[in-house]
Amino acid sequence: MPLNVGLVGAGMIGADHARRIGTAVAGARVAAVTDIDPDRAAAVAASCGARTAASDREVVDAGDVDAVLVASWGPAHAESVLAAVAARKPVFCEKPLATTAEDCLKIIEAEQASGRRLVQVGFMRRYDTGYRALKRLVDGGDLGEPLMVHCVHRNAEVPESYHSAMAVQDTAVHEIDAVRWLLDDEITSAQVLFPKRTRNRFDHLRDPQVMLFETASGARVDVEVFVNCRYGYDIRCEVVGETGTAELPPPAEPAVRSAARLSTAVVQDWKDRFADAYDTEIREWTAAAAEGTASGPSSWDGYAAAVVTDAAVRSQQTGDVVPTGIGRRPDFYA
Amino acid sequence: MPLNVGLVGAGMIGADHARRIGTAVAGARVAAVTDIDPDRAAAVAASCGARTAASDREVVDAGDVDAVLVASWGPAHAESVLAAVAARKPVFCEKPLATTAEDCLKIIEAEQASGRRLVQVGFMRRYDTGYRALKRLVDGGDLGEPLMVHCVHRNAEVPESYHSAMAVQDTAVHEIDAVRWLLDDEITSAQVLFPKRTRNRFDHLRDPQVMLFETASGARVDVEVFVNCRYGYDIRCEVVGETGTAELPPPAEPAVRSAARLSTAVVQDWKDRFADAYDTEIREWTAAAAEGTASGPSSWDGYAAAVVTDAAVRSQQTGDVVPTGIGRRPDFYA
Amino acid sequence: MPLNVGLVGAGMIGADHARRIGTAVAGARVAAVTDIDPDRAAAVAASCGARTAASDREVVDAGDVDAVLVASWGPAHAESVLAAVAARKPVFCEKPLATTAEDCLKIIEAEQASGRRLVQVGFMRRYDTGYRALKRLVDGGDLGEPLMVHCVHRNAEVPESYHSAMAVQDTAVHEIDAVRWLLDDEITSAQVLFPKRTRNRFDHLRDPQVMLFETASGARVDVEVFVNCRYGYDIRCEVVGETGTAELPPPAEPAVRSAARLSTAVVQDWKDRFADAYDTEIREWTAAAAEGTASGPSSWDGYAAAVVTDAAVRSQQTGDVVPTGIGRRPDFYA
Amino acid sequence: MPLNVGLVGAGMIGADHARRIGTAVAGARVAAVTDIDPDRAAAVAASCGARTAASDREVVDAGDVDAVLVASWGPAHAESVLAAVAARKPVFCEKPLATTAEDCLKIIEAEQASGRRLVQVGFMRRYDTGYRALKRLVDGGDLGEPLMVHCVHRNAEVPESYHSAMAVQDTAVHEIDAVRWLLDDEITSAQVLFPKRTRNRFDHLRDPQVMLFETASGARVDVEVFVNCRYGYDIRCEVVGETGTAELPPPAEPAVRSAARLSTAVVQDWKDRFADAYDTEIREWTAAAAEGTASGPSSWDGYAAAVVTDAAVRSQQTGDVVPTGIGRRPDFYA
């Protein structure tokens, strides 16, 4: 019996997950697809032999849908996730879990009330081979207690619709989750600094930005976000411990010697950079969902990302160090 | 309708493919399993919800088996493959395709008589991300015409049952296929040199060995085989062209700074090194098999590997440069 | 006629420069040596065939001393340098040029009054092959306008006498000069953050520290200082421009594969790391001194380092962003 | 008292050594210069304050010449070296020591008769920081007994006067010496293979070439020589031991990220690649010469290079494995 997945949202990322389930994941199939654009839903449904549904509610409630994958636009996430939790169906939700911390808390409460973990949030970096190796090194203790983390998040370019707050909400949010996970620590304050702007920018956009975070244990995290760096998609992360350091490896690419240079290609697209991580993410999600539950990034992680991004966006406006006000993680999510 | 796979051989690699089909491949299931050891067959069958069968012939002929995966020991390969071809069922065969060039030729004839490609040989390196990037670079022309290839194939250690000819047949055979594929060229002669032996060896084993190949176009290939190198599993390949060179990337591992060294882990196991390649290999095989055909390394490639390894083994005995005597590739395999 | 050098200060660094002049610099010799410890002066003088002198003043005024090398302790620098300038003799001064910005200004005034550059300050990184290559890349324009610089300065360990302000004055001062030089820009503010302390520390020492600088053009600079990192001496510098980035290369060390690791040695000692830079520095100094003048890091650079380190030390105490108050560089130093 | 050096040969390399002695070597000066082209001798002499001399004999015999540096063309080396040895003056000789093994033996006999080492041959790689680190690793024993050495020697291009035998005599001769020194072992046979030629060549030139050597202890050495590789000057050397391997580090160059590539510059010129090695070589030579003797590569090393290159050139003609016939090293050179 394959796991029947209901897909809410058939945009780029939803379609990509449908393709993934149809090629690289065993024991699952897409049963139903919905989207605010019915044509888009129909196209994706056709590509994977699924039927269309009129709404997220119809997908969630369908008798032949065992688990729900939410890939709609952010403001719609909370409602779909809450519906799935209410139906006691495992649900995978692309980030953000919700666009407000309040909505995240509602999901946390509903999930706890259900008595079991049902929600997995789409922080795919936790499934990347390199990040996992880094996590093992940090956990293994050979680096000693982590004191600092240096991160870089660069994109070749962004479209004009990208605005300054998205540098936090869409971009640095990945580092925010990754660092919390790597250090098993909460971020307690955020600050954003603005270096000289690149002239290869839109007038409305501050780019690059330097973000500074402090954790509950006192570790310091800096994240350079530079989304019009021109040369490619470049993700770096170095954990500095008391006795050693470890760095996320760059993607493996052939070394070429020609024209007086020794060089490797720089990945251009985040989908290529994390293609294997996405595969593993959905594979692990369907495996847990087949057991009626969830693993990996939780509603609490979605909530933590929300309060940290809120603080960083406030700092973009005020220039201040802004406390995140994050509370204690419920034992349910330990 | 999933593709129903019949598994012939339930040893380590067969069991691994069964697990792979059950987790990382969509649209396929293992339907029947056979092995000379019925307990082993039963264990693997149970792990993937398949039934057992009494023989390879029973597997091949089963009405609910759409495609055959041969992972038995080498001397049994040819018979199973010929049976599958006779039944006009797509068949994946772990290397070697057959233990004699004559048997390879029989398969080639039978496959051509069937009118379509049915056989894929398990040279998994062609599915490795790094090798594929290297292939694109060679084909792209930026390196110019390839003149030389330098290869290294090292294992941390081998068991006592490993003997000197296996350095060719089990070890260098991967480089033999990879170089033929990278250069789209045939190997016309082989020679094996014996450096000073490592003392970390068995008395019966010549280790390391240096193998020299020449191709039809005149390119020179050297392969260092060192199967008791102690430090890990290390695969290298550099293509040297008229205007540039390209090297297979090593696996991406975190860089660690501690104890006065900057270091990365060396992979210890070939199954880890090529885990993704195996996944892709079986995924592409099942996709082609679902269409009733095969892609990737062909019977011709299996035959070419056989004649080149035969020549190299003869050179181990005589010290001479031994012609492979390979003929012209039939257009069927173009 | 060799250049006769008068050495003021025969401690570790002074002795090292004497040895350097005696082996790796053509056309110069040490003629006279003084030190507050006469035995130390005598030992170094004997090692290089020089005579001893009773005081820095005696060295500066000696008829057979053409140029002065000041390697005494910091608080004595200004007086020796001013004496040399008054005597119109070229003078090399180890950093700091003076321990107060006021004394730096006095030197600047005296030097300008003399009508020609006479002072070179010992910021040896400007002579390092890697930094010079980085400088050429920045100046060449291929990276575009520099927007950010990320620096790391780690030592394996420091002695107990090392205190928190020295992280700025003795350690980050090298990055302060290097960044000003690389960007041809002045640092206008400084801030120091304190991450969780390493427990491998002395109670009196804040370690590590994160320093943030802003330049006149708006570029942002971060410097991690971690002087008890345990694993070695590690200097990193990445310049991020509008269209590309460039990183200081690590020292070239053989790659070793053994015991399941691929590794290179990490340099342990700053004297080894910058040995060639010191040689080049003194070679270029003696060449300019033979012409009666100076090149390289100037009194202005010594002054700028003083005001920036003053601001950073103040920030260590207050936590605030502290303006450096640096003025306009006199045309004399353009 | 500086060491007075007499320079025989004022071509590119002679002029370079004169410049080196005038800038980067302490305690030495060029006193006299001779060249078959008197204008060239005069120009170099003028650049370093030396006088000219009419012949190598006049240089060697001059009362104010303490040591002789031979940088004339190869066929003239032996006579100058023998004259210096006869005069019991230390002599540095650029490679080759002599153009025939017989002349090398004459020098060895004369030097032994003199009772002390007087001759240093210009194999500058032994002074390269990277090679020295590699040598320490081999000698330190952590790699175990060396079994194989893989070398690459590539030049961007060579002039038309370069012919096939020079691939051995001028190019691989550096690897021949370096490997003998690294392994402390003699080369007992040589063979040269010809891959497909690059079309970026002259008709008269076989390029690339693959050279195979065996040592007295049974180690195998392969050297790829490719002198029109287009992309730059590239020297590689990997020593493979029983328990580990070590590789010569490439030159340290900044890593640049731009235009979708992560790259470093490839050195174009051998003089740049080994600039520091040349400095150290001449510094160590003058230090030993000031003591009336020599260190580093000896006449025996010059002789060994001659017999190995002779064997390799013969193999170029016959295709055979050619024994070098090298005898036992006299204890004098132990």
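As written, the chain order gives the labels A, B, C and D, with residue 1 at the start of each chain.
FYI, a contact is a pair of C-beta atoms (placed from the backbone, for glycine too) under 8 Å apart; a residue touches a chain by one contact, two chains touch by 3 or more.
Predicted model, so just to flag it, every value in this text is computed and none were measured.
Ranked by how far their CA centres sit from the centre of subunit B, the chains are topped by C. Comparing chain pairs B-D and A-D, the larger number of C-beta contacts belongs to B-D. Between the Cα centres of subunit C and subunit D there is a gap of 37 Å. Centre-to-centre separation between subunit A and subunit D, using Cα means, comes to 57 Å.
We define each chain's centre as the mean of its Cα atoms; on that basis subunit B and subunit D are separated by 44 Å. Residue positions 230-231, 243-245, 250, 257-259, 264-265 of subunit D are each in touch with at least two other chains.
Taken together, the subunit B residues at the contact with subunit A in this complex read 21-28, 129-130, 133-134, 137, 142-143, 243-259, 264-265, 276, 279, 283, 287. Residue ranges on subunit B touching subunit C, taken from their complex, read 156, 230-232, 234, 250, 257-266, 268. Of all residues in subunit B, only 144-145, 147-148, 150, 193, 195-200, 208, 210, 212, 217-220, 222, 224, 226, 229-231, 240, 242-245 touch subunit D in the complex they form.
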